[in-house]
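Report on one structure; see the data block that follows.
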Amino acid sequence: MQVADIATLLVNSLTWAMATFLVAAGLTLVFGTLHILNFSHGGFFMIGAYLAYSLANAIGGSPSIGVYLFGSLVAGVFVALLGLVVDRLVLRRLAGVEDAYVLIATYALLLVCEGSTKLIWGLNYHSVMPPAVLDGAWLVGNAVLPRLSLFIIAAGVVVFALLEYFLNRTKPGRLVKAIAADPWMAQLLGVNVRLVYTATVALGFALAGLAGGLLVSNQTLSPTLASAFVIQAFGVIIIGGMGSISGAFLGSILLGIIDAFGQWALPGLPGLPFFLAMTLILLLRPQGLMGKAKH
Amino acid sequence: MSGVLLEATALDKSYGRIRVLRDVNLTIGAGESHVVIGPNGAGKTTLFKVLTGELFADGGAVRFEGQDVTRLPAHRRVHLGFGRTFQVAKVFPRLRVQDNLLVALEARVRRANPLGRVPKARADTFPEAIEALLNDTGFGQQREAIAGTLAYGDRKRLEMAMVLALEPAVMFLDEPTAGMSAAERQATVRLLQSVKRKRGLSMLMTEHDMAVVFGLADRISVLHYGQLIATGTPEEIRHNERVKEVYLGDGDEHA
Amino acid sequence: MQNTSFIGCGFRRDVLILAVVMGLALCVPGVLNRGLVFIAGMIWINAVFGLSFNLLFGLSGVLSFGQAMFFAAGAYATAVLTQHFALPLVPALLLSAVFGGALAALVGSVALRRSEGVYFAILTLAFAELIHLLIANTALLGRNDGLAGLVRPRLGIGSWQVDLAAGDNFYYFIVGACGLLILFIRWIVDTPFGRALQAVKQDPERAEFLGIPVRMHRLAIFVLAGATTAAAGALVAPWAQIVTPELAHWSNSTNPILYTLLCGSAYFWGPVLGAVVLSAVFYVTRTLVGMSDMVTGVLLLVVVVSLPGGILGLLARSTRREDKR
């Protein structure tokens, strides 16, 4: 295997990893704080992507990098607003409900996302051209490094850095972490826990929408986008440890490498290494890489 | 009282770095009623969990009728003759009282086989057995009531009846009179005494109420910071210097 | 607390209901067109699928998001056995059920070892996707196109022969076969095993301390549910005459969850009614793309958030209120 091939594999791993992390970040944030596993997160990611697509379509042709990023932000904001509605109508009412039913309720929400996507945008495949600046690839020696992939990798790292900074170095962020650890205590100390929950949900959904916008040129858009990313995101946060952002980051890198190298080794069975890895880790270390074991 | 039924030797248990049980030795004889007392946090519940199989000891051994059960899972110990009631009575809340007992009776026959069958001859004895259990525990007319709707005292009695349905050799009772009024407490003591008399079973219980303890105990063990500091008859314990130090030194236990 | 209708709802009454429903079902080909008869057959199959899921969820408290893997296993097994090995129908169906059970034994013994609750649900999802991937990438199973052109064979012992390909004969066969499966599932509920499962669901610790081996019980019901699910899937092969990897897709795993929750998991007939209602919904919304997802999603949300007992639960509460007047 040549260096160029390794470079390509690495880039593929990291692109998959960062794309998945972008989707999984909001999911794990909401789970870590509200302890709700939001099945529909992939659906809102999809809606974000379609929104960005509509925006790009309205402008026509290949968007500039500015428009691309702007579209992602718009998608993020819009989906965050949707998140507020969902929080009000659904998530709040799931407070005392058993885990199994919460999972089912959020799955129902995913169906609503998929249904509305099909109704609004139809079943046809759509795609968005990447901005000119991100099109094509850099040639480093023998290796071909697609610019879009590098952008996605950069985006993932930036989002991770911002999230870690927010959660660990800012007051509101640390508040979120405190509430995640002990909501009862926080309430006792006079914190408006409900408000923080709502804000966290909004942030989680914003991340989903943002991810949709940032990744819109990475794949073709179809209503099956949600299902594809849901499982990937689940796998990553389970492996990383539910509720841990850094766990999700590490987990996605690990799975990205396993997936890319697995595809190179076993080309006939796409996705198999991912599932094997996910299953193995769930069995050997159910709390994930960074999670806490329950005793 | 012939022979030792249950024997725990040198039991050690830690949660992380905290040693909850240190070198605990305990024996229970056939037909003996043995009470473990000690301040909160002394390790009584952990001792229970280790003896009944809810947790496994880090060190030491538990033997039942000579057999080593230290690493035997809880349900297998039940098959050997263990019965357990919980501090907050556990019953099956959405089944009727009589069905709670039916499940217990069937479990005794089916044991470790999920698909085990209950022979018809055996199954025919169940309605009578249920009746008898309800009478023994003073249940009255509530066989059709849904267990979750029962008053607290009745739930405790139902739980007792369920465990008795297993015809255990030794019963583990975790604070059997917790949360009860004085009258209820007396009724429970009478019930336990009659059960012990009628069935000759051994009992190990934890208790805080001294009247109950001295009313029921053949022998008492005192647990303090995970260590057994004294074992003996109630009289011996009452006069034990170390125990007095621990109890009177730490303040009065609520009577 | 709501009384679970699993105990004491009357085995005889349910058998009567089953007989009546079967009787009605047998009249269907006389009144409805071919297309609707096909859907009626699928409703029976999906009813068994839903009931199997509820053996796990409503009876035993085990949530599996991967039941589609057993459904597909049964379908593909029958397809291969009747097509490649020219096995007669009934042995093929039985073998498919056994195959489903065996697969469940494998998955269950691994998944139930460490996992419970949400982790178990996601693990079953992962396993099912694994199976989905394997099917979609196996040449012998037709890859993404699946296996088509499956025949409806003849059924017979000795001189008595029925050609199931003729007229509505296979529909009658489905009604009969599903009726038997439903009877079997109903029977399980009333056995000591069924009662022990309810106990395990309501308080696993109490059950363990009565001597009930909780993990073994969960494994046993997982295997049984896998077998009956595979049996239902097996009927799809000759009925739809095509099997595709879609059968193993996780959206198929969620169908029985929908049927069950819509009408109430505490009621034996919940999944059956749910299968009927949702099939009607899917049929009515089939032309407007995305509508069925919307309607199903909204219905399910409403049920979980405000109608925890499902439609049957709502009915039960309103009749109880009537009684009180």
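Should a chain be cited, it is by its letter among A, B and C, assigned in written order, with residues numbered from 1 in that chain.
FYI, contacts are C-beta pairs under 8 Å (C-beta built on N, C-alpha and C of every residue); 3 or more make two chains touch, one makes a residue touch a chain.
Note that the coordinates shown come from a computational prediction; the quantities given were computed from them, not determined experimentally.
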{"item": "Farthest chain relative to subunit A (centres taken as mean CA coordinates)", "value": "B"}
{"item": "Identity of the most central chain, Cα criterion", "value": "C"}
{"item": "Most contacted chain pair (by C-beta pair count)", "value": "A-C"}
{"item": "Approximate Å spacing (C-alpha centroids) for the pair subunit A, subunit B", "value": "50"}
{"item": "Rounded Å distance, subunit B centre to subunit C centre (Cα mean)", "value": "42"}
{"item": "Whole-Å gap between the CA centroids of subunit A and subunit C", "value": "33"}
{"item": "Partner subunit C, residues of subunit B touching it in the complex", "value": "52, 54, 74-75, 78-79, 83-84, 86, 90-96, 99, 102-104, 106-112, 114-118, 146, 148-149, 162-163, 166"}
{"item": "Touching residues (chain side subunit C, partner subunit B) in the complex", "value": "1-4, 7-8, 192-193, 195-196, 198-199, 202-203, 205-214, 216-217, 219-220"}
{"item": "Touching residues (chain side subunit C, partner subunit A) in the complex", "value": "57, 63, 65, 110-111, 113-115, 117-119, 121-123, 125-127, 129-130, 133-134, 137, 250-251, 254, 257, 261, 288-301, 304-306, 308"}
{"item": "Interfacial residue positions of subunit A with respect to subunit C in the complex", "value": "37, 90, 93-94, 97, 99-101, 103-105, 107-119, 122-123, 223, 227, 231, 234-235, 238, 268-272, 275-276, 278-279, 282-283, 286"}
